[in-house]
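We just call them A, B, C and D in the order they show up, numbering each chain from 1.
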Amino acid sequence: MQLAREELEQAYRQMKTIREFEDHLHREIAKGTIGGFTHLYGGQEAIAVGVCENLRDTDYITSTHRGHGHCIAKGCDVNGMMKELYGRADGLCKGKGGSMHVADMDVGMLGANGIVGGGPPLATGAALAAKLDGKGGVALSFGGDGSCNQGPVFESMNIAAILNLPSIYVYENNRYSEHTGASYVIASESIASRVEGFGIHTVKANGFDFFEVHEVMKELIAKCREGNGPCAVEFETTRFYGHFEGDPQNYRGPDEVKNDRENNDCVKIFRSKVTEAGLLSDEDLDKIDNEVINLIETSAEEAAAAPAPSPEEVTTDVYVSY
Amino acid sequence: MQLAREELEQAYRQMKTIREFEDHLHREIAKGTIGGFTHLYGGQEAIAVGVCENLRDTDYITSTHRGHGHCIAKGCDVNGMMKELYGRADGLCKGKGGSMHVADMDVGMLGANGIVGGGPPLATGAALAAKLDGKGGVALSFGGDGSCNQGPVFESMNIAAILNLPSIYVYENNRYSEHTGASYVIASESIASRVEGFGIHTVKANGFDFFEVHEVMKELIAKCREGNGPCAVEFETTRFYGHFEGDPQNYRGPDEVKNDRENNDCVKIFRSKVTEAGLLSDEDLDKIDNEVINLIETSAEEAAAAPAPSPEEVTTDVYVSY
Amino acid sequence: MAKMSYREALTETLHQEMANDENVIVMGEDVVGGTGSAGGPEAIGGVFGVTGGLFGKFGAERVIDMPISEAGIAGTAAGAALAGKRPVAEIMFSDFIGLCMDQLMNQAAKFRYMFGGKATCPMVLRTTYGAGMQAASQHSQSPHPMVTAIPGLKVAMPSTAADAKGLLTTAIRDDDPVIFFEHKTLYGLQGDVPEGDYLVPFGKARIVSEGNDCTLVATGRMVSFCEDAANALSADGITCDIIDPRTTSPLDEDAILDSVEKTGRLIVVDETPPRCSFAADVAALAASEVFSSLKAPIKTVTGPHSPVPFAKELETAFLPSPVKIKTVIEQTVNFS
Amino acid sequence: MAKMSYREALTETLHQEMANDENVIVMGEDVVGGTGSAGGPEAIGGVFGVTGGLFGKFGAERVIDMPISEAGIAGTAAGAALAGKRPVAEIMFSDFIGLCMDQLMNQAAKFRYMFGGKATCPMVLRTTYGAGMQAASQHSQSPHPMVTAIPGLKVAMPSTAADAKGLLTTAIRDDDPVIFFEHKTLYGLQGDVPEGDYLVPFGKARIVSEGNDCTLVATGRMVSFCEDAANALSADGITCDIIDPRTTSPLDEDAILDSVEKTGRLIVVDETPPRCSFAADVAALAASEVFSSLKAPIKTVTGPHSPVPFAKELETAFLPSPVKIKTVIEQTVNFS
């Protein structure tokens, strides 16, 4: 926990922002205000934030269908994201992308991705670009436990290994791909053991603890910047909500989510760690909570009131020129 | 070497048939008589034969672009194959398939395959069928070192492992995929170590020695029949000819092929082993040689003289019914 | 006849065919749902609920949850079919077909031909398609033209609950590989469905309505859009033949051409972008075969040459609509 | 002008563009050839020899031998393009496009749109296509309709050595993803090629020849087949416009439509099977836009609805030929 006060505050603010963003969507989607398929990140915040606090704007990430957390952690504008989810003209992607395609090139966020396993090949390419640029940049892909069964993901890890690319593969194992248990669909002992088979240095870590995530990633990313080639991490984690909004979750154990919310809530864990260590006070954190709640409320109100895209926009932005 | 005399003769006959088949094609293609892309199996015979001598007609194999050896070893009719390569109407595939698509459902040969990595998913499916049929059948895919970088190949191995299928993955590492060295494109220490990462029992073995191949496969296939799930083998081997006919092979070491022909010729090695052990005599083997040479000559003559398909055949056999 | 939804018709068919033939197996992501989960299997029966109840009745050997490995799923199905099974594999969204296109275009589609007519590959690949749920660019596509173009594949696209049953039964019993497209907005559509064994032959169009002035050809959700457009015009005395080909491959060319010979006018409606589309395909057919009967330009009503957008307003702008179709019918009928 | 082959024109372009812009990188299977081999790298420079000499000049960082991982190759290229590079990736045979279709259809093609116009993906995917070498079903296809159908992609298909250079230069400098089809039988074709910087704009057809009686539209190898067919008829006083669109996306609709308005007749020649094809696409365009000018049915000359066979006699039967085209021209011109 050798983080400066501002770093701790920033980390907490980011985690809390993701949490509130997702909680807001959960309520709003139930009302039918927001369309499309939405997958919430609630419960996994420590990973997105613990990872991205070690990255620069010039580093790249690719994300997944469950991408809001990664986007916020990498620095996407929350108001722009909220408007995007509401399908507004001045959403981050002009309302064309929606939840599964939030992106922001300016902060190195190469897109959420509706294709499970879609991100890692792209991150591998971004890592190739970073290597050629020679400025110590890295590219990192987030993926779920389910994504580790996709062929293109293996192909990219092999490519990153043979080309010694600064590419980092983060697997968030939240035990399920949709409704299917990870232990059933993944033949190997773990994701990590399988990735190691590619000759890629791989670590297993606790994704409930921001500090563990942060520390593990700090070391791995630093090595990657120095030209030591690709690496990977498998984080243990949980999701608080269903696979998609509307999922009744009857494939989960009777008290599984309840237990996770009580004992494995990464935001709570962060809070108790920093307060117990006397690094931040409950007041400090409550203040951030209020700021975040405010931010989300305001951004939701603005998004709700913002204008929809005009129908002609349907055919713009297909090409740079055509 | 606990093989009966007839088994030894049969093994030798098969290896020699492949060798002569390929040598004939090598000469013939140079003359321009045979069209298309042809990849010769010469040098790798011990693997195809050592594997397939352990299989039944009701077991399945899938093959590769370099498929003649697998086809002959699995029991495809040599005359039908020869005619197929000459593009004749009564070729094994009516002249529609050619070298890269020889197949014979009657002997469980599910096809050579022009797509590198195309076979393993199919073999996995055939293994699923075999498992459901419950008669102890197995399915086996052959693949080159280059094929182990294809995503669908990984996907199938994982599927076979989670479903505990009687599926066997044979990798013939002849050091090259086309002109590229295996050590460069395969990130892991070996193919075997990577496959093991999928929780699949994997063996490395010497593919120059028929007896080693046969023994290793005998055990693996037997276990597979008993329901122990998938397994894999990486065989060390070499190809005597270029990647395709016409390949000048300047990516190979100066004396590499010469050395392989002298010291790693699996047919020669078989011959000296069985004669030294007094299991078969030179006369026994010479007799087989002559029979094989005769067979190939006759089949080539017949193929050359056989009628071409009639043009209307271009649109038949697309569907069972349409 | 029983009243049921498109979804229920599909589920019933799967139950019937699995009971009829033990070679029929079902496989895909979450087709059981919950395998290996804390709550146990059969949590969901497919994300759209189509495979519900199969696991309970036919067990884990024949109803198989698969990893997220589309190429592996399609390849395993193709291999099992080559080895005598009748797999019904599910690719959750047809947008993911790009991940298993090789297994379809180079393997399943070509076995029979490449192997000289000596192999069969009786697999069905069920998949959802279509826009209308704000599912955005990667979950709203209609890639049926891509597979219709591939010799060796058959392509079915039911637009009613009855056809859902009849075409799926035919698909499962067919000895060739079939790509079966289910429109995600139609799952709840109710209709009368024949009980027991019910087969709708491939390559035989459904004549949805008959008229004199114009032929409309459409599949899936677009059929009802055409009906709405035509109904809105009947007051003006304009009547249309509406033809739902049901299968784009094989295509009932005769039904289409006979109709165009009668009406002299053709409009093809499809929700894909326009290029190299099924709409263009049908238009080209008529322009070649019944040219002399044509009284007006052949028109297509399709999405624009752009991906499917997320925002409701944009998605609506992307899609054909009864209003857009009606306008084109009027222009075509009034052409001179 | 310099006399050189289609292959040499492509090689020269790659050399020029790599020298011009350090963001241009080349990657694919055996594009160096021999990496990691006993004989050392630069053994071959692509199995068709197109990337020869690049490794020696630009080194291993920018000329990259890749594993047999088509999805990985296309995905890596798309990601590198998103991050500012201009990758020129090679997929050895376009038949393998099914292995990387997701990276093309759902990733590269859609970034710009999904991300609200804020991303660019300036990648080129070079690939070979076409029948005529007895390469059989999995090495002879022409899947350009599949990618022409996808909004967000551009598709180029040079038919001459000059266009090979001009279109590839344009492709590499273009900010959108381009699929670049090289016909495997044309690599040896000689032609005059402009020296230095030479760009052929996308969406601008080449008017191969001018005539009055019929419009022929064709790309790639089929262009010369059309020329042969037209030449065989000139003695009879029948003359044709031959139009090579050069890029199927964007398509020079004006050139095609202007010509059909003049001739009143259209034949589209392509070597794919007929369904949902580029031939159907062009036919549908004309049937919609210049109906009143048409004097005869619009015909397409394509392969049949079957895979490409191996045997020489069958492959010849599969392909369009000057003789088949000539017959269709005669029928069209004599239609009444």
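In this section, contacts are C-beta pairs under 8 Å (C-beta built on N, C-alpha and C of every residue); 3 or more make two chains touch, one makes a residue touch a chain.
What you see is a predicted model, and the numbers here were worked out from it, not measured in a lab.
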Spelling it out: a chain qualifies if it touches subunit A and also touches subunit C; which chains qualify?
B, D
Let me spell it out: compute each chain's centre from its C-alpha atoms, then which one is farthest from subunit C's centre?
B
Cα centroid separation, subunit B vs subunit D, in Å, comes to 35
Would you mind pulling out the distance in Å between where the CA atoms of subunit B average out and where those of subunit C do?
40
Cα-centroid distance, subunit C relative to subunit D, in whole angstrom
30
Approximately how many whole Å separate the CA-defined centres of subunit A and subunit B?
46
Specify, in ascending order, the residues of subunit B that touch 2 or more different other chains.
91, 93, 95-97, 101, 113-115, 149-152, 155, 158, 162, 184-186, 318
Listed in rising order, subunit C residues that touch 2 or more other chains are 66-67, 69, 71-72, 95-96, 99, 102-103, 106, 113-114, 136-138, 151-152, 304-307, 309
Indicate which of the five shapes (line, ring, star, complete, other) describes how the chains touch one another.
complete
Which of the residues in subunit B come into contact with subunit C in the complex?
60, 62, 91-97, 101, 103-106, 110-111, 113-115, 118, 120-133, 139, 151-152, 155-156, 158-159, 162-163, 316-322
Which subunit A residues qualify as touching subunit C in the complex?
35-37, 87-88, 91, 93, 95-101, 113-117, 146-147, 149-152, 175-186, 249-254, 256, 308-315, 318
Interface with subunit B, subunit C side, in the complex: residues 25, 61-62, 64, 66-67, 69, 71-85, 87, 102-103, 106-107, 111-120, 151-152, 154, 174-176, 203, 250
Residue ranges of subunit B touching subunit A (in the complex, touch as defined)
149-155, 157-158, 161-162, 184-189, 193-200
Which part of subunit C faces subunit A closely enough to touch in the complex?
29-30, 33-40, 43-44, 47, 65-72, 95-96, 99, 133-139, 304-307, 309-314, 316-318
